[in-house]
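Structures for review follow.
First subunit A sits with subunit B, and in the next complex the same chain sits with subunit C.
This part shows the complex of A and B:
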């Protein structure tokens, strides 16, 4: 009974939180004079009620699963990695740079994905080393590295990888390295398989290998883990590498699998934000690699349904964003509360020790 | 009882708004509130909807990954008589979606999408730019400034129209000055591509540099960067303890004359995105819509130099957008009239003359489309001091 309850409780909590969020969103719309019923009907019909809408939701979920993994793996090991955004830019630009290579299709895709993952890992290396050997807090270093990445990416997009005929974007990814569309006439590419497989592998790694166990142990109680012989340096480096690879892949699947342009726009307008959205998605998915998948699909569905809320229910864009924000916040609340409790506990323990 | 039902039915039919058509307006990530390109698209669509009793649905894009699904979703609903994409950034996505829905009518502003069901609306920016160029050139010569300036955005082909026309206009204005006064003036052009349509600080920095070197006016060819350019002009005037220019800004896209209290923007090169949207809706409404390229120039009021009625029109636009209030109206109009009256009448007459010559086809303004053509125009009108 208690075993079943432990598994079910987070799911029930999330459902309750979602219901509260939807209710609050409806209240907001009603208070500003919009009818919430047709708005929600449009939202859910388009995101989950048709195969086309579901494909859109899954396409939106693809990069989010990967960036949420970055945060979740970190959080499981007791690290607060905010750097998925910057790692994602490097992954996306690595994928674009790889379009100069001449390789047969299939192999080209694989090589580009690997290079993008490597780009993400490389970008995460400095914060990882700083954390492992100098104790520089990862929140500070990854936020700073996000900005470094932002400006480096701006420079690369405008000067190095720029399309000579169309300066508003980079060169498009070579046809041979694009991810094939799973359903014609939608945005859904093979990238979703990359994301889901990686999430499953991360789950197996964390819960069914010794190293994964050590990693979670380090997150649950760093002192006990070190006492038991788990190397904190190795844990940090491993977590950052895994997170960097996932975020790098997120950038790659977005430029290699999302029609029609297959490039990075100047201003990074087609890849910016996925890294930060991933944090929220990870919270909704209770920082569990498998929980992240439905959380991403739900979040992606909210985005896909947002256009129908504008089109059919006439709810303005800003209102749609506000309602989305309330729903997401409510869904993230259970995990936020849990993380806050853990933080409070360690803080108190540290204070009483001092 | 039957009669009650009938009366009820009629009442319901009367109460239901019945629209003659529906249009979806799809915006890029820039979105509303730019007081320029996107707001102009909204303005024209709103006016057409009022005129023809159409319904408008506005769809904004959160990221540029939304362009394709936004257009496709609008087409899938099948309830729009016309889908207008505002901005060239949407061109790739429209080019993908248009063939999937051959019976859906589309319009796109500022780009050519070669599909049979797409009306591509482009502008003869070089014609309007020639007019403001002539004005700037004559102002520099008249007031003894060594330079005229222009701050441009990302170096994309459509901006070559602006630069080419501006160069031609300055040259024409300087010749006109020599003809009227019998004196030659050495005036050069300061020009810079900032590489951005969003970084307002870069616009300000670029304009400051040009103003310090003695530019009489800085032409804004970078959309929102105009806010930074106007700040630079205001700061320069404040340093000289003056309120009205010179130096001036030259506005773009919308009529921006009302900004900066009405006496800092000498004129605007209006690119009437609103006229484009209005025309597209009108064509569908009247059944004359067909795919192809519709080029809007001086002739069909698609571009032009700002005049008094435009000022009144766009003060309303600014009030509606919340940028100014009703209380500012009279002051802005008075300042604007004083600013324009301070400029010698022959200059305005010369601008009118250039306009009528372009309209009559006596003068053809160069319209560079590629980098090579642009380089040729730069070589022809180097405008270096």
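This part shows the complex of A and C:
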């Protein structure tokens, strides 16, 4: 019982929090004068009701898995890295910049992915050093770096990587470095495989290697880990590097595998937000590399369906991010399962009394 | 280059100082009691939005009060989750931020103006007109409030209780201080000030609300709190400092000849770089309450 409960509990908590979030979303829609039922019906019909919609959900999940990994690896080691957003911009722009290289197809893709990961790592370096050697809290430093990358990306998109023909976007990623699409007519690219494989590797690293164990030990009890000889500086640098690489890849898969433009739009409209959404997704996936995958598909589906919800029911699609916020708030409650049990018990008691 | 240029720098600095000072001083109260709220950014954003709703229907004072109440409401929820139910402060704070991002973007769409809403002039808080320029009435409030809070935290029973709870909740509990209630009220007071700051931005200072109105100020306020070492008067100094850097960016861009030579994006980075440098320099000098961020469980 207790063993099964320990495994099931986080999943139950996430499902319950998801229900609370969707309930709060319905309440918000109702308060603003929308009818929540047709809105949700449109949302779920679009996202999970057809194989085409499911492909869209998986395409949206691709960058989310990677940015959620950034947060999850940090959280496992006791770091609160909320800088995936900025690292993702750098990864996306590195991937675009690599279009200037002339390489054969396939190899070009690989090199571009590696450079995007390196871009993310480089962007995470200063917050990592500030944390490791100056003790600057990573929440503050990574948010400041998000804003720096926001402005740097605006500059690069408008001045350096701009498409000379269409000024509203950067150059499109070279044909030789694009990720092949898995299903014709959808947005689902090989990027999903990159994301899932990386999540599996991170899982193996965290739970089946000594370094991964040390990293989790540092998160669970920093003092004990330190006495056991785990270097806190090394842990911080390693975690930031891993997180930076994952977030950089998230930016890369988004521009290298997303038709039709394969580019970054000015205003960053097509890449903004994935970093922040990754934080919520990581929490819904209980900061577990494998739990992140279904959580990403769930949230990616909400995003995909929200577009149709906006068209059919007129509800602005930003609503789903408010839902995500409530889900995370609900997950902050350690009492969630206890409340659930109490609720079940009173419900049963009332039913037997009736 | 004439006198008026420097005067405008001073004037923008004073206006930019207000939200950071109010938010930071509020967070000083909350952190003194041991709760670390990284949801300030979300509170600023939400109350900037609800402030405009209030101002639109009932005038600027209603707007400011609604912003304050929004902050207090979020603070109540945060205090309930973190003080009473011992939830993770970090997770709850992130939840507030994500919710605010989605809710405000949603609300702006519903108001019929995607991403942008201008507060009608009649609903904006009228500035105090002086011979040297117009100033928001909240500037003197932000300048004086830190002194008041300094007095409360250091020289009243309530203030000493707050600090006792943050420093050593077990001892405070044994001494008969209600730990959870003290934490709840402190974090509510802090969040209410952040709410006032948010409403100030939309109703008084900028006269409009966007999805990006908070622009990292919640986190800059957290940095200010780090810089202050939980002393309200140093938080005011930090607010003035960061307000200055923010206005410096605006000001440099208005100088003749700059726009053509330096891309605006790099000038806009100034406040964020300044924040990083100040925090990196301040660390090690400051000391925080022992029980900050740790939920208190009675043995």
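A few notes on this one:
One rule holds in what follows: the second predicted complex is superposed on the first by the 300 of 354 C-alpha atoms of A that agree within 3 Å, B and C clash if a C-alpha of one lies under 4 Å from a C-alpha of the other, contacts with A are read in each partner's own complex, and residues count from 1 in each chain.
Definition applied: contacts are C-beta pairs under 8 Å (C-beta built on N, C-alpha and C of every residue); 3 or more make two chains touch, one makes a residue touch a chain.
If you're wondering where the values come from, they're calculated on a predicted model, not measured in any experiment.
Of the two partner chains placed around the shared chain by superposition, neither subunit B nor subunit C is touched by A:109. Of the two partner chains, neither subunit B nor subunit C is touched by A:189.
By the touch criterion stated above, A:94 is placed in contact with neither subunit B nor subunit C.
Contacts of A:328 after superposition: subunit C is touched, whereas subunit B is not reached. Residue contacts after overlaying the shared chain place A:47 against neither subunit B nor subunit C.
Of the two partner chains, both subunit B and subunit C are touched by A:316.
Within the superposed three-chain model, A:135 lies in touch with subunit C and out of touch with subunit B [touch as defined at top]. Once chain A of one complex is fitted onto chain A of the other, the partner contacts of A:265 are limited to subunit B, with no touch recorded for subunit C. By the document's definition of touching, neither partner reaches A:62: not subunit B, not subunit C.
Touched residues of subunit A were counted for both subunit B and subunit C, and C has more of them.
Contacts of subunit A with subunit B, set against its contacts with subunit C after fitting on chain A, overlap at residues 316, 321.
Residue ranges on subunit A touching subunit C, taken from their complex, read 28, 32, 80, 82, 130, 134-137, 139-141, 143-144, 146-148, 151-152, 154-155, 159, 276-277, 279-280, 283, 316, 318-335. By the touch criterion stated above, subunit A contacts subunit B in their complex at residues 46, 52, 56, 158, 166-168, 185, 187, 254, 258-261, 265-267, 269-273, 303-304, 306-308, 310-312, 314, 316-317, 321. Here subunit B touches subunit A in the complex through residues 24, 29, 31, 57-60, 62-66, 68-70, 72-74, 76-77, 88-89, 92-93, 95-96, 100, 154-156, 195-198, going by the rule given at the top.
Residues 38, 42, 77, 81-82, 85-88, 90-92, 94-103, 105-107, 109-110, 215-216, 219, 222-223, 226, 263, 265-266, 268-269, 272-273, 275-276, 279-280, 283-284 of subunit C are the ones that touch subunit A when the two sit in their complex.
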